[in-house]
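Below, subunit A partners subunit B and then partners subunit C, in two separate complexes.
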Partner chain A sequence: MKQLFTNRKPWLFLLVLLFLAYPFIVGQSVYLISIFVMVCVYAITAMALDLLIGFGGQVSIGHAGFLSVGGYTVAILTTKLGLPFLLVLPLSGVITGIIGLLIGLPAVRLSGNFLAVVSLGFGLSIPQIALNWDSLTGGYSGLPLARPEWLSNDSQFIYVIILMTVVIIWILHNIVKSRLGRAFVAIRESEVAAQATGINVPLYKTLMFVISAFFTGIAGGLYGYWIGFVSPNDFSVFTSFLLLGMIVIGGLASIPGAIIGAIIFTVLPELTKSLIGLTNIIIGIAIVGIILFRPNGLISLLEMFRIKKPSKKVMDEQEVYLSDLEQGGAARDANV
Partner chain B sequence: MLTFKDVTVKFAGVTAVKDLSFEVPQGNIYSIIGPNGAGKTTVFNCISRFYTPAAGTIDFNGKNILKLKPHQVIHEGIARSFQNVELFAKMTVLDNLLVGLHPTLKKNIFSISLNLPSVKKTEKESIKKAYEVMDLLSITDLANEKVRNLPFGYQKMVDIGRAIISSPKLILLDEPVAGMNPVETKKISELILRLKKEMNYTVLVIEHDMSLVMEVSDFVTVMNFGQKIAEGTPQEIQKNPVVIEAYLGEVEENAQIV
Partner chain C sequence: MQIIASGLIFGCIYALAALGLVLIFKTTEVANFAHGEMAMITTFISYVFLSKYGFPYLAALGLALLFALVFGIVVYVLVMKRVQSAPHLNQVVLTLGLFMIFNGLAGLKWGYQPTSFPEAFHGDPFKLGSIFISTNEIFTVGLTLVLMLLFFLLFRFTKAGLGMRAASQDIMASELMGIKVSGVFMGAWAIGTALGGIAGMMTAPVTFLSPNMMGEVLIIAFAGAVLGGFNSLPGAVIGGLIVGVFENLVSYYVAPELKIVFTFLLIVVVLYIRPQGIFGGAKIVKKV
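Now for the complex of A and B:
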């Protein structure tokens, strides 16, 4: 029984299965499916943002800007250039990644509050640019776009979204567990030590922005294809703050945390829709409450559960460690 | 192996290091000692390329390292530990050591994203290497502890471990036993001697603890106010009147103030 809890693989398998079966479970309800799509879009974005903020320690409060760029890329490339879906979706990531590179370059020299202001400026300016660059973006009226015929049905396209979400979770998990992820955390913890261990800090900071923007762009692209329409009002600065809230309440520097946060902050506004005007207050209360009582996010509840049942090996290790400490202490007394 | 020639470092008018020249021979344990503010850590920060000297050259195996950026220094085979342990506090001991292996690992972002077998293989090898280093430092049982939960002495060990894991040619240790008790100090001095004898490392040490300096050093340079005031074997240094004056002189000055 214990093994069932400690072995993650069957749980992961079950989760993916649930994911795939979701459209059938909810019985093709358009409303529940569109909530599910938004959960996927926000989960991808929250994970990408978490890579930047939680793992890399670089603040961005304009990430909704990257979502918009992804959405508009898809719309412009499909409508104006007539490029095929299989090319456009990766391009939405690539082009947003290039924008991320442009934002990431000054980020190398900035940190903390200054970086936050720069990213906020970016998040504020993207909707304005979309609004005023009529010839490219269609201005206030936005841009319509059509999915290719073989994906025109929502119940087909949702599997593209599910597949992309699962693949991106897997890729980000790989990145975080690799030397790349360790380098990002190292930069967050101590830039001086990171440099001394051979990490090219400016390069990796820029890389963080590019990777984060790339996946956010794909999320924006998926959103654009799903709705079939992009407009300047899709992702505002409020979305950026909501994304920040997601990764904070889920737990920083944790991929499952970002997903949990995305689920909660996508579902919560839907549940409170009938209480007009109260949605933001409830979101605010949720954030404050979780920061007060679970400062490490909801994911820390899981870790608490894990500590309660330490394996025998951990117990032994702790004993060795403690006895070592005692010896050190005793030796110190003897010397005094 | 490492050659300082007439190195001068200035911070807005303050001369931290003046016309410093010395050479660290291969396979030796070389110590730099001196009162607080003598410019010892500045010397290290020049080697790590955090500071750039106003004048002079620093050569490592005949190569001018002043052209390098801080993150490139380790590729030449120079690793360092820090005076105030600059560890990655929220990472585990194992992860800290793995970051130390950063320069030696595979770089391709695409193979990392897809977790290709080659990436898995190098990851396994590096974890094995990390456990070897932890065995050497006898901290294996702390592998999965977060570094910030460890006592200071163990943190110092991890800092040193992170420096030696990349198999550098030269190891810079900045006050490795500061804040340690005599037992821990003994452990570290044994470790430094082992690094030299069993693994043929060259070690450059900054230290205040004279018991450690006298025990491990092959050669000692004494600095005061940014200048070299004496050099020689530990025995010579102990008897050198200039050195005694530098240390005792400081005591006298303090006495007057009190």
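Now for the complex of A and C:
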């Protein structure tokens, strides 16, 4: 029984199963399917962002910009160049990855708030550029795009989205567990120490941005194909804030956490849609409440449940040690 | 000349907002993303005093600033105090949550319809050398300069300023030295919010009063603060001014829609050359 809880594979498998079964469960309801698609798009983006922030420690408040780039890449390549779907979708990732490289290069030298502002500027600039580059992006009216014939039906396309989501979860899971992921965590913990152990910090930091942008671009591409239309208003800075909220609420540096966050932040606005004007307040209260009372994110509920006993012991020991120090420790014993 | 002058005037508003941001960051190490929304609420309060109760401008300004002081303390005590030692990202996301709550509440209470907001001083613009300038604009510039000087002196020469500087360096050590850290932080939040409120009241006549009026101002103020190093009060003011002038030049010579793109391009270039900002000082890694 205990092994079932500690081993992640069955959980991953269950998740995949749930994803596959979902369209059957909800039947043909277009509304629920479109919510589900948005969950997938945001889950991919949140995981990619988590790789950057949670594992790599590089703050980005402009990831919605990468989503827009992905969406526009798909639209432009399909309508202007007429490239086939199977080529366009990976290309949306590649082109966004190249943009990520351009952002990552100056970001290598920055950290903390400075990086936050640069990425924020990127997230703000992309919609403005899209709005003003009429000849390429269609300006204010946006760009329509058509899915290929063999995917024109929504219930067919949803399997592409599910497949991509599962594959990306699997790839990111492996990246995190690999040499690459360990290097990212080392950089997050201490750049100096990482450098001293022989990690090429600038290279890995840039790589982090490129990988994160790549997967976000694919998510943006999927979104573009699903809606069949891209416009400058699709992803604003507000989306970037929400993405940041997702990974913190779900739990930083945890792939299931990012998925949980994506689900919550996609479903919550839908649930509160009927209460006009209250959506922002409710999302805000949820964010504030979870950070105040569950600072490690919702995923910590699960972890607490999983390894309850050993962690409690460690805590007790630490407490004794601390209180000893606080009250004077050895000095008090000696009656000084 | 005229373009640079009006850029400087708008830069002063950015500088005021940036000053509050930096003040809070310098003492408590929290980058407050809800700053603009708190300023917006303060401005709405002053508008209520002005229009509903018919107070004169300066009285409404004073009362609103009083409200801002209390508002800052309430936010600090109720929310920010609990996450004082939490990771920075948690604090940032928390302020984003506050941002959404304040924005939603203001929308609920006052609606999203923009309303006009009076200026501090009326009167036609007059000619000064080769530029046109109005009394209100002079008031804005003067206020910014006075406040900047005041805070610079406060930080440098008073006990409270010393406490703020000490608390920002090491919370525990300054507590052991007898500084009431939570009191100092409370003060920083109160004053920072009041500064934001002043910036809000200077912005409102230009952009009209609405719950979303401070969004862009805050982002540009943040950019200006970062440009100045995010840790230095004169840096915040100069960063704000640079951004204001640059933005105005871009909107005149290139295109008004692209000003944000170019502003951030400028910041990327500056930060690439000097990653710690113009007045940031050397970056030292204390702990490995």
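As a working rule, the second predicted complex is superposed on the first by the 297 of 336 C-alpha atoms of A that agree within 3 Å, B and C clash if a C-alpha of one lies under 4 Å from a C-alpha of the other, contacts with A are read in each partner's own complex, and residues count from 1 in each chain.
Going forward, contacts are C-beta pairs under 8 Å (C-beta built on N, C-alpha and C of every residue); 3 or more make two chains touch, one makes a residue touch a chain.
Quick caveat, the model's predicted, so the values are computed rather than measured.
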Requested in this report: Could you look at A:101 and tell me whether it touches subunit B, subunit C, both or neither (first, second, both, neither)?
Outcome: neither
On the A-aligned overlay, A:192 touches which partner chain: subunit B = first, subunit C = second, or both, or neither?
both
Max touched-residue count on subunit A (subunit B vs subunit C) belongs to chain C
- Query: Does the superposition put A:171 against subunit B (first), subunit C (second), both, or neither?
  - Reply: first
- prompt: Between subunit B (first) and subunit C (second), which does A:151 come into contact with in this model arrangement: first, second, both, or neither?
  reply: neither
**Q.** subunit B versus subunit C as contact partner of A:179, first or second or both or neither
**A.** first
After lining up the shared chain so the two structures overlap, which partner does A:200 touch, if you call subunit B first and subunit C second: first, second, both or neither?
first
Is A:15 touching anything from subunit B or subunit C once the two structures are fitted on A? First, second, both or neither. neither
Contacts of subunit A common to subunit B and subunit C in the A-superposed view 190, 192-193
As the complex stands, subunit B meets subunit A at residues 48, 50, 69-75, 79-80, 82, 86-91, 95, 98-103, 105-106, 109, 112-115, 119, 123, 141-142, 144-145, 151, 153, 162, 166, 181-184
Subunit A contacts subunit B in the complex at 171, 174-175, 178-180, 182-183, 185-186, 189-190, 192-201, 207, 314, 317, 320-321, 324-325, 328, 331-332, 335
Listed in rising order, the residues of subunit C that touch subunit A in the complex are 25, 31, 79, 82-83, 86-90, 92-94, 96-105, 107-108, 219, 222-223, 226, 230, 255, 257-258, 260-261, 263-265, 267-268, 271-272, 275-277, 285, 287-288
Subunit A residues touching subunit C in their complex are 53, 59, 106, 109-114, 116-118, 120-122, 124-125, 128-129, 131-132, 190-193, 237, 241, 244-245, 248-249, 252, 277-281, 283-288, 291-292, 295
